[in-house]
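Please see the structure below; I have some questions.
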Amino acid sequence: MQLSRDDLKRAYRSMFTIRTFEERVDKEFALGNIPGFAHVYLGQEASGVGVCFDLTNDDYIGSTHRGHGHCIAKGCDVHGMMLEIMGKQGGLCGGKGGSMHIADMTKGMLGANAIVGGSPPIAVGAALTQKLKKTGRVAVAFSGDGASNQGTTFEALNMAVVLGVPAIFAFENNGYGEHTASSYAVGAPSIAERARSFGMPAEVVDGSDFFAVHQAMGRALERGRAGEGPYALEIVCSRFLGHFIGDPQAYRLPEELAQARGNDPIPRFRKGVTEAALLDDADLDAIESEVLAEVEDAVAKAMAAPRPDISTLETDVYVRY
Amino acid sequence: MQLSRDDLKRAYRSMFTIRTFEERVDKEFALGNIPGFAHVYLGQEASGVGVCFDLTNDDYIGSTHRGHGHCIAKGCDVHGMMLEIMGKQGGLCGGKGGSMHIADMTKGMLGANAIVGGSPPIAVGAALTQKLKKTGRVAVAFSGDGASNQGTTFEALNMAVVLGVPAIFAFENNGYGEHTASSYAVGAPSIAERARSFGMPAEVVDGSDFFAVHQAMGRALERGRAGEGPYALEIVCSRFLGHFIGDPQAYRLPEELAQARGNDPIPRFRKGVTEAALLDDADLDAIESEVLAEVEDAVAKAMAAPRPDISTLETDVYVRY
Amino acid sequence: MSKKTYGQAINEALRGEMLRDPNVIIIGEDVAGGHGASGEPGGVGGVFGMTAGLYKEFGPERVLDTPISESAIIGAASGAAVTGMRPVAEIMFVDFVGVCFDQIYNQAAKFRYMFGGKAKTPMVIRTAIGAGFRGGAQHSQTLHPLFTMVPGLKVVIPSNAYDAKGLLISAIRDDDPVIFMESKVLYGQSMEVPDEAYRIPFGEANVVREGKDLTFVAFGAMVPRALAVAQTLAAEGISCEVIDPRTTSPLDEDTILESVAKTGRLVIIDESPPRCSLAADVGAMVADKGFRSLKAPIKAVTCPHTPVPFAPNLEDEYMPNPRRIEEAARAVLGYR
Amino acid sequence: MSKKTYGQAINEALRGEMLRDPNVIIIGEDVAGGHGASGEPGGVGGVFGMTAGLYKEFGPERVLDTPISESAIIGAASGAAVTGMRPVAEIMFVDFVGVCFDQIYNQAAKFRYMFGGKAKTPMVIRTAIGAGFRGGAQHSQTLHPLFTMVPGLKVVIPSNAYDAKGLLISAIRDDDPVIFMESKVLYGQSMEVPDEAYRIPFGEANVVREGKDLTFVAFGAMVPRALAVAQTLAAEGISCEVIDPRTTSPLDEDTILESVAKTGRLVIIDESPPRCSLAADVGAMVADKGFRSLKAPIKAVTCPHTPVPFAPNLEDEYMPNPRRIEEAARAVLGYR
């Protein structure tokens, strides 16, 4: 079945929200309004949205240090996110987490993770619950190409096969782990092939094409929902900016960056759906205006919000101690 | 080139020494003469000997908890080993290591390792030295089928490819990791195939056939010595006894055990070389007598030896502190 | 009530909790055993037999054998815990935590705080600890300090069968991640243990023996050793109080401080190398909060700053033994 | 001699040692940077720039970029070390040690003992530590207690550029495994640092300021904080001695004990959660060996028993700050 017009709008809204949110994070960071460091998802929007599009709040995802896009795609509130990223009261994690630890259990978002390779084992656990409780739900582990070389990730792949759990490994190969190309750090000819050799179906997907990601994810999801076990996707995409905000990425020549920008998933989606007369520019422009206003509002509110109360420093360590 | 008659004698001596040594360890353990626990290598002799046969003292191996066979194959002194396993003065590690930590740097033996998956990363480092110093030497990491699922092992495979070091991964698939079959715990269709997907040549070898192991290792060694990078072998063999001495292994039916015993690498070697008239029974019997006497002597000396001096408890922690 | 070993008490607690709550599952290496072999699976029940019989009773959905992949075991447990299960994961020997420590201290233990209180991670990690087993440097460690220092984790170290059962039940019903450290040398020790379920709360020390001249604080397998020395000294009219904190995080500071207020003298017996140990932790706590009561230096009897040696005579000397405990006690008692 | 930052001092030490000894190699993530990209490799030099320029000067056989595989990084370093190299491995943030801890504490640190003194493992692990960087719970820890407790490992925690250079040179020339902990908040601090090579021995504390009323013991980035409070108190005529142990393993107990013998009062400032911390370690040591000198309780100023929070105000309160240090000092000084 094709996606409905409402679905297409939802997809565009989600991708455009990520785009707007991340551009704004980049800007607010430069202005000194965001403490610490942040890794933005610019250029990878079709991946997160394609993967999360058909997930419910009862399906889980485990994310990475580059997690804002996954959060938005999974339905986290951008107001709560911006508050969190700015370290303010009312943030999704009360200001205690920050950019690299945004989580929202009510949305099935098990947390960004500042440890590369941290999420895959946890996602296997979330998938195990689904198997044991026979919910038909799945758990997705997002990992980068860099994370695909971490021992914990490999263990999770094997464990998922052995336990037969509905875990979906979404490897976002954006070409780089920090400042090192995946062509150097991944010794294998292909991440998908490597995952396949662990005993699960795996495919390579064009991560700049929302539809390609969504369809591949559909196959993974079908298998997961049917209780047939794990699946892996190698989603090939581009990181438009540096590893973290402020990375000058002198190691990438202008041509490489231009080429990445030339394959921008958002205009590509727009072109696709307008040319097919599924949506028209007015539909999409309206979404854009709404999103821009929402993000603007989120920033304004986050800027105005107070810091967390100092009394919260020692709360939330334990349920009870 | 075929192996010379002297080579064949050396191979038989090495395998038979392992067999005799391990049977004696099993017996001395039952008599209470060996403290702690011990994992014997019975049934896997052709693997260790085939892999180590062409290695020099300047080639390295990293071993496992089931390391006695690797030590002997690499040339460690059986007297020093028996002293060590009994926890006596003069043991290869001064009695501080025990069965699971026998090492001998002068023989290129980097240590048994009681952590499953502990050795592969270390072997990558030893191989790195060889690459950087351009020695033409290699480093072998022995791992079991169980260890093939440990994250550290996977990382080592990838790292070896990325750094292009002469590391050889010898996966001894004896069908079990403790009391769990590799058919259950290795989700992949094949350990060799999984290693191959990391970007190195890999092959499956009959681990009860000394010649098959030796020849496959020859290919690995050729690549390593030429500086062409890592190699993996999945050596399929059988564990005659339980995981550790004392394991009743009720989970294996008598037929399975009988089948394993039926493919004993030692009579198989004997049959092969005598039928081909390369060696005769007298040659082999002479070796056996010598080995039996040597192991007998090692046990007698170890039994008579004193415990390490109590003053050594706090030495050897640092070179200087 | 009947005589049970420490090991049986643990097995009974696991079984009882599994019967009570279908969300309790067991996951680890060979916790069933025999999968994929020619014989029947389920006959092993862990290398120490602590989960014996549970696979046969509860089946493969409740007792899960895993590959040798500790990071994935802990991750599977914590991921299952935050999504509604109550997993009891087994790390066979505590020495193996190095391959999965991130999943413990950076993940499971931090979820709740990092997520602003919005996650709950009810999981237990059972693991075997301690020397005296001739296991060598990588199978004989105790490592309770490693866990005690981690905010978000609770650390339990039972010294006898009765406590083992009650503390394990509390651990399984607890809503935070708990590491439950089982002394290998105690597995075979037996005593009267009730058949029914009961809980021992965390953070409540057990005053194993009352005394007025000197306070011993001892953990896990060191408790019987402290008691033995207390008995020896009693023959000379010296009265030692012996405190078993039972959990190191939370730690019952009050009971220790009250005891030192009475005795003025403290010796801590802790089976681990001395640096940043529980001995140091308790000693420093008392040197701050109990300073006024102190009549003598605080002494610790620990292992030396060395790995665990293999040879039996070296290992026996490595562990805090009665001779060294007695020496420390006499030094403190004789202080002028 | 010229003004150099802590970071430059580190870079200079690395470069000097690489020039001196061809066996010194650097291995880690992005220590060169840019491999496989369209541009030139070698322009990164580590995320904090500590290895900047070294790839271009020494080439790919001396400065090795790796995948994100910390266990394999440490194993590669220790395996290279026991076979003749002198690797300097980088673990970008100390928080990441959980994925490779086994290779540190069970392997590299134990080789020598387990093998009866027959192995030598000359390797250094450089790693960035500490809060105040708004890095959140998994990028802000200090974790020196985790390493200090490990027999076989040496632990270095320099508090200024001069020490950083001299201690790093000592670490690289040392024949044992050393973990070298670099405070992120100090990278930009500058002072006069000699251009030539010099060594600062391990286990020799630096008495940063002499005093007679109170002893501060502080580690790494806490040293300047202790000094600042010492200055504040000096204005009131209170004379504080400030001791920077520089290495936590070995620890210079004598200098601390001598100071306490003089002042009778001790406050330890340690950036880590309190349990089994260095603060506890030093406190307990003095409560035993320095008991007779003590005039007041030993106080520790540490972080609370919580993960590191992200929000700046929470993080500032989390770290031992001048207010809390001063409070502790006054409590000890006012003790009767």
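Lettered A, B, C and D in written order, each chain numbered from 1.
As a convention for this text, a contact is a pair of C-beta atoms (placed from the backbone, for glycine too) under 8 Å apart; a residue touches a chain by one contact, two chains touch by 3 or more.
Source: prediction; values computed, not measured.
> Under the document's definition of touching, what chains do subunit B and subunit D have as common neighbours?
A, C
> Enumerate, in label order, the chains that touch subunit A and subunit B alike.
In this structure, the chains that contact subunit B and also subunit A are C, D.
> Relative to subunit B, which chain has the most distant C-alpha mean position?
Looking at centroid distances, A is the chain farthest away.
> How many angstrom lie between the centres of subunit C and subunit D, each centre taken as the mean Cα position?
30
> Using the average of all C-alpha atoms in each chain as its centre, how far is it in Å between subunit B and subunit C?
Result: the chain centres lie 35 Å from each other.
> Find the geometric centre of each of subunit A and subunit C from their Cα atoms only, then give the gap between the two centres in Å, rounded to an integer.
About 39 Å separates the centre of subunit A from that of subunit C.
> If I count partner chains per residue in subunit B, which residues reach a count of at least 2?
93, 95-97, 101, 113, 115, 118, 149-152, 155, 158-159, 162, 184-187, 317 - these are the residues of subunit B that touch more than one other chain.
> Which positions in subunit D touch two or more other chains at once?
Touching at least two other chains: 66-67, 69, 71-72, 95-96, 98-99, 102-103, 106, 113-114, 136-138, 151-152, 304-307, 309.
> Among line, ring, star, complete and other, which one matches the pattern of chain touches?
complete
> Which residues of subunit B touch subunit D in the complex?
Contact set of subunit B toward subunit D: 60, 62, 91-97, 101, 103-105, 110-111, 113, 115, 118, 120-130, 132-133, 139, 151-152, 155-156, 158-159, 162-163, 315-321.
> Report the residues of subunit D in contact with subunit B in the complex, numbered from low to high.
Of all residues in subunit D, those touching subunit B are 25, 61, 64, 66-67, 69, 71-85, 87, 102-103, 106-107, 111-120, 151-152, 154, 174-176, 203, 250.
> If you look only at subunit A, which of its residues touch subunit B in the complex?
Result: residues 149-155, 157-162, 184-189, 193-194, 196-200 of subunit A touch subunit B.
> Using the touch rule from the top, collect the residues of subunit D that touch subunit C in their complex.
Touch list, subunit D to subunit C: 71, 95-99, 101-106, 109-110, 113-114, 136-138, 145-146, 148-152, 249, 251, 272-273, 275-289, 291-292, 294, 296-300, 304-307, 309, 335.
> Along subunit A, where are the residues that touch subunit D in the complex?
For this pair, the touching residues of subunit A are 35-37, 87-88, 93, 95-101, 113-118, 146-147, 149-152, 176-187, 250-253, 255-256, 307-308, 310, 312-314, 317.
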